[in-house]
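Both complexes below contain chain A, partnered by chain B and then by chain C.
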Partner chain A sequence: MTKTIDLSEQDLRHANRCLQRRDDGTQTEFDVLNPMGAHALAAGLQEAVTVTIHGHVGYYCAGMNQKATVTVHGNAGVGVAENMMSGHVHVTGDASQSAGATGHGGLLVIEGNASSRCGISMKGIDIVVKGSVGHNSAFMAQAGHLVICGDADDGLGDSIYETVIYLRGEAKGLGADCVEKQMDDAHRATLQSLLTKAGVDADPKDFRRYGSARALYNFKIDNVGAY
Partner chain B sequence: MCGIVGLYLKDSSLRGRLGSLFGPMLAEMTDRGPDSAGFAVYRGAAEGQHQEAKASLYDPDDAYDWASLADAMGHDLGITIDWDRVSTHAILRGPAGAGAMREWLVKNRPEARVMSTGSSLEIYKETGLPRDVMSRFGVPQMTGSHMIGHTRMATESAVTTEGAHPFNTGDDLCLVHNGSLSNHESLKRMLRREGLVFQTENDSEVAAGYLAWRLSQGASLEEALEAGLKDFDGFYTFTVGTKNGFAVLRDPIACKPAVMAETDQWVAMASEFRSLARLPGVEDATVWEPKPATIYSWGQA
Partner chain C sequence: MTQDTERLRESSLFDRATIADIQRAADQGIYKIRGFGAKRKVPHFDDLVFLGASVSRYPLEGYREACGTDVTLGTRHAEKPLKIDIPITIAGMSFGSLSAQAKEALGRGASEVGTSTTTGDGGMTKEERGHSTKLVYQYLPSRYGMNPDDLRQADAIEVVIGQGAKPGGGGMLLGQKISDRVADMRTLPKDIDQRSACRHPDWTGPDDLEIKIRELREITDWQVPIYVKVGATRTYYDTMLAVKSGADVVVVDGMQGGTGATQECFIEHVGIPTLPAVRLAAEALQELGLHRTGVQLIVSGGIRSGADVAKAIALGADAVSIGTAALIALGDNRPDLAAEYEKLGSAPGFYEDWQAGQDPAGITTQDPELAKRLDPEKAGHRLANYLRVLTLEAQTLARACGKSHVHNLEPEDLQALTIEAAAMAKVPLAGTGWIPGQNF
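This part shows the complex of A and B:
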């Protein structure tokens, strides 16, 4: 049975305590009402619970998530699913800056647009954005996949490591060391599997792949005179 | 940090509730700025009273003799100056130009702290928690077309009433700022050479002065903000209030947060969504994050 948590009646700390199952370890499904833009809602979940939030949330929603499935019916503020380890976070509206930042694993789906620095320093998370992303997305991104069905603003993939970016629309500009790469059948299969998991109806053939040129990876002995 | 909010009522039937709608928005930003708070309220213009000029003055002594100041100003300008004491502030009103009032104050009462001049703008600000500041000035009872406000977490200059926002940027214009400017000292030197006078060491006052200077050179508000994008070095989300509305601008890398919402009845901005969460009809509002280096304006701002 689903437990309802109404944030117009309960304080945030108590709500998070419930969602983290620190008092009752049996409840698996939660509905959260009236989030009113609260910060750090459903952060630090470590078990396979299902949380459905009805309304817009503030910063760091579902941050550090492990195993849980969190759906936000609304917009998310800065840092949704930041540092996610595993699980599934789904936002039906837009996400603000730094969505999925530093995430190690799991899947983040944003049905609307994500603003700047989406997937900054991502370390293995998969992010699927149905709309567009803002500037400096996938900055210093190390592992995982960033799928963008719309466009990307300036500086996409700046100083990127081994994250793979799939972009359907246009990039206003690529960041340093980010280049377009060949897309073969294995890449299309990976992308198709991500789109299917995210519930997005799009054709992998319409996407291009971007990644690191690996020219910034290592110290070059030719530059020693600069130090 | 700092928090900023703005509310413009498109539906005139809500204007009697302006203060009661705005107050909770600003109070929600207390975590972002507990040091001081300030706000600008625009009233009178819609009711056809804008032939009158208003000046908002501040003195730390809440028994300051505003009556004799108003008498002296009225005598010299040949008009009757009405005045109301509002805690540490006074609002002077008279059938004069706002410029004439400001000029008289600068010449005859250089010690007076002029918070604002204009035909519909009134600025109030004080140190302390936002809810205490708002209760001193009677925000819940305020009526009008729009308000903008600021809660300050001081970083680069002292916590003083004068250092609180908003800053008046010429008649009926004012600015609130979340962020910090790196080049405010060099901009200030340039603006001083152009004849501008600054009351504080605050970087945001320089931004306000810059916009006032651009406007005095004949730029529109939009042109002044466009020029600011090139000349301001630093982080900023600005909200600029005008007689008829307000405008929002974020720096080109969008370092400081902002969210906007609009319904048929109102348009609002805030540093964080939670400030907007109690506005009537917000569940059906269009909610979005303003893009970097893009000017948004409402109500002929």
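This part shows the complex of A and C:
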């Protein structure tokens, strides 16, 4: 049975305690009504619960998520699913800056567009954006995959480490040390798996792969102009 | 050929160290990166003296009357404020910069005397958590090793905006210190020169910080205190804004604060000294009506003795934090390692290459052979001894000023030996009633 939490009647702290199952350890499905842009909603979940949020959310929705499945029927503010460890976060609308920032694991799906710094410093999370991403997405991205079905603004993958970017549209510009790389069958299989998990009907053959040239991994005076 | 040394005249502008720096830059083509902290002389606590008891003040008996040293941190919002027995904490230093043995030793030493130690860039190690009864978890821009499970097992959280050695700069860990374990904890390739971010990836400015702090409280169920740490620059405003953002504790790190690795130009030329910083932060808290009551102030950067501790507290700190001095107490720059320092082109008392990973004391290294030289139990006990001495010295000075708790020390107990220190600490120049910039 689904438990309903109405944020027009309950404050954030009580709502989160409920979603975190600090009060009741048995409930597994939650509907959240009237989020009205609340910040840090469904942050710090640790259990395999299913949370469906009906409306727009503010900053850090599903922040540091572990195991939970969180769906936002609306738009998400800054840092949705930031530092996610595992689980699944799905945004049906657009996402603001720093979506999936520093995430270590799990899957973040954004059906609309994501603003700047999507996947900044990501550390293993997989992010699939059906629309386009803003500037400096995958900045200093360390691990995981960023799939962009639309276009990418300037500075894509700036100072990237080992994250792999798949881009279907055009990149306005690549950041320092980010280069296009060859795409073979293994990469297409990985991408197909991510697209399937995200529920995206797209052909991996239409994507290009980007990653680190690894030229800036160590300080070399010859590279000083690249920084 | 014998030189006539009396005829040699060294330039004050181009002294031998400056000439060597220019020659090194010309040879290597890259800025100098080193550890330790600022080496230039700046106005400091040495430039202040306590007035002690007199006809108008009477002291407490040194060995009979109690002088409290306990501090409670995080009384503003946390369900479980952090209580420490002495007003000295161990500052954040990363596993990566330091060996696992050194981190364990810091935890052991701090725990032995009832105070806290702090993680650093790179996350929490099991050695550190296991041997620290009170552990502060740093939340840094890089978010290396950032894990909500570790966050929940911390006794406090410190949101790091900057540090005194490099306000405005990010961390640095050179490839020679990126061992398999460090690389794994930071999700980075081995052997790279790792550059930590200098800005948090998902917030900018005090309004965002307020929301970020709220998120951290929601994740930790409002149980533990949240500190905000800044490098000393615009300290008055930073303190105000940290409080506005919801901080329980403000940590201000002066320019003398140490670092594992940073560009030397940063270490020596960015930030303000600890002396004015403590006063500015305290004034901000006083203006907000929260000094000694709602928000606690921790000050770091060049704390070496109990006199420094007492003076920082008299100027308004609730506690101080030590980093460089703690490493020295563990065994850094030990005289008996002279031969090994010499091989590295250094000497005891001068060793600053904490970035290089070749530390013969086994502290600032990831080389397993060097690291195992440090016995965490013995080193931890040395640190505990040192912390006890600092506490005893601070108590001695407080009693001499007639104070039954170190927190009863106040600026009125101090006078300055130099005009600069008087202006920065806002206490009178000794023997006068003059505070430069005030009472014209």
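Note that in this section the second predicted complex is superposed on the first by the 220 of 227 C-alpha atoms of A that agree within 3 Å, B and C clash if a C-alpha of one lies under 4 Å from a C-alpha of the other, contacts with A are read in each partner's own complex, and residues count from 1 in each chain.
The criterion applied here is as follows: a residue touches a chain if its C-beta (ideal position, glycine included) is under 8 Å from a C-beta of that chain, and two chains touch if they have at least 3 such contacts.
These numbers come from a predicted model, not from an experiment.
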Touching partner for A:Gly124 - first (chain B), second (chain C), both, neither: second
Partner chain(s) touched by A:Gly134 [first = chain B, second = chain C, both, neither]: first
Touched partner set for A:Lys197, first chain B, second chain C, both or neither: neither
First, second, both or neither for A:His56, with chain B first and chain C second: first
Touching partner for A:His14 - first (chain B), second (chain C), both, neither: neither
Contacts of A:Ser115 with chain B and chain C, given as first, second, both or neither: first
First (chain B), second (chain C), both or neither touched by A:Gln97: both
Partner chain(s) touched by A:Ala38 [first = chain B, second = chain C, both, neither]: first
First (chain B), second (chain C), both or neither touched by A:Val78: both
In the superposition, chain B vs chain C on chain A residues touched: C
Contacts on chain A seen with chain B and repeated with chain C across the two complexes: 39, 58-59, 78, 97
In the complex with chain A, residue positions of chain C that touch it: 28-30, 142-143, 146-149, 151, 174-175, 186-189, 191-193, 195, 197, 201-203, 208, 211-212, 214-215, 218-222
For the chain A and chain B complex, residues of the former touching the latter: 36-39, 55-56, 58-59, 75, 77-78, 93-94, 96-97, 115-116, 134-136
In the complex, chain B residues that touch chain A: 253-254, 257, 259, 272-278, 283, 287-289, 291-292
For the chain A and chain C complex, residues of the former touching the latter: 12-13, 16-17, 20, 22, 39-40, 43-44, 46, 58-60, 63-64, 66, 78-79, 82-83, 85, 97-98, 101-102, 104, 117, 120-121, 123-124, 139-140, 142-143, 159, 161-162, 217-219, 221, 224
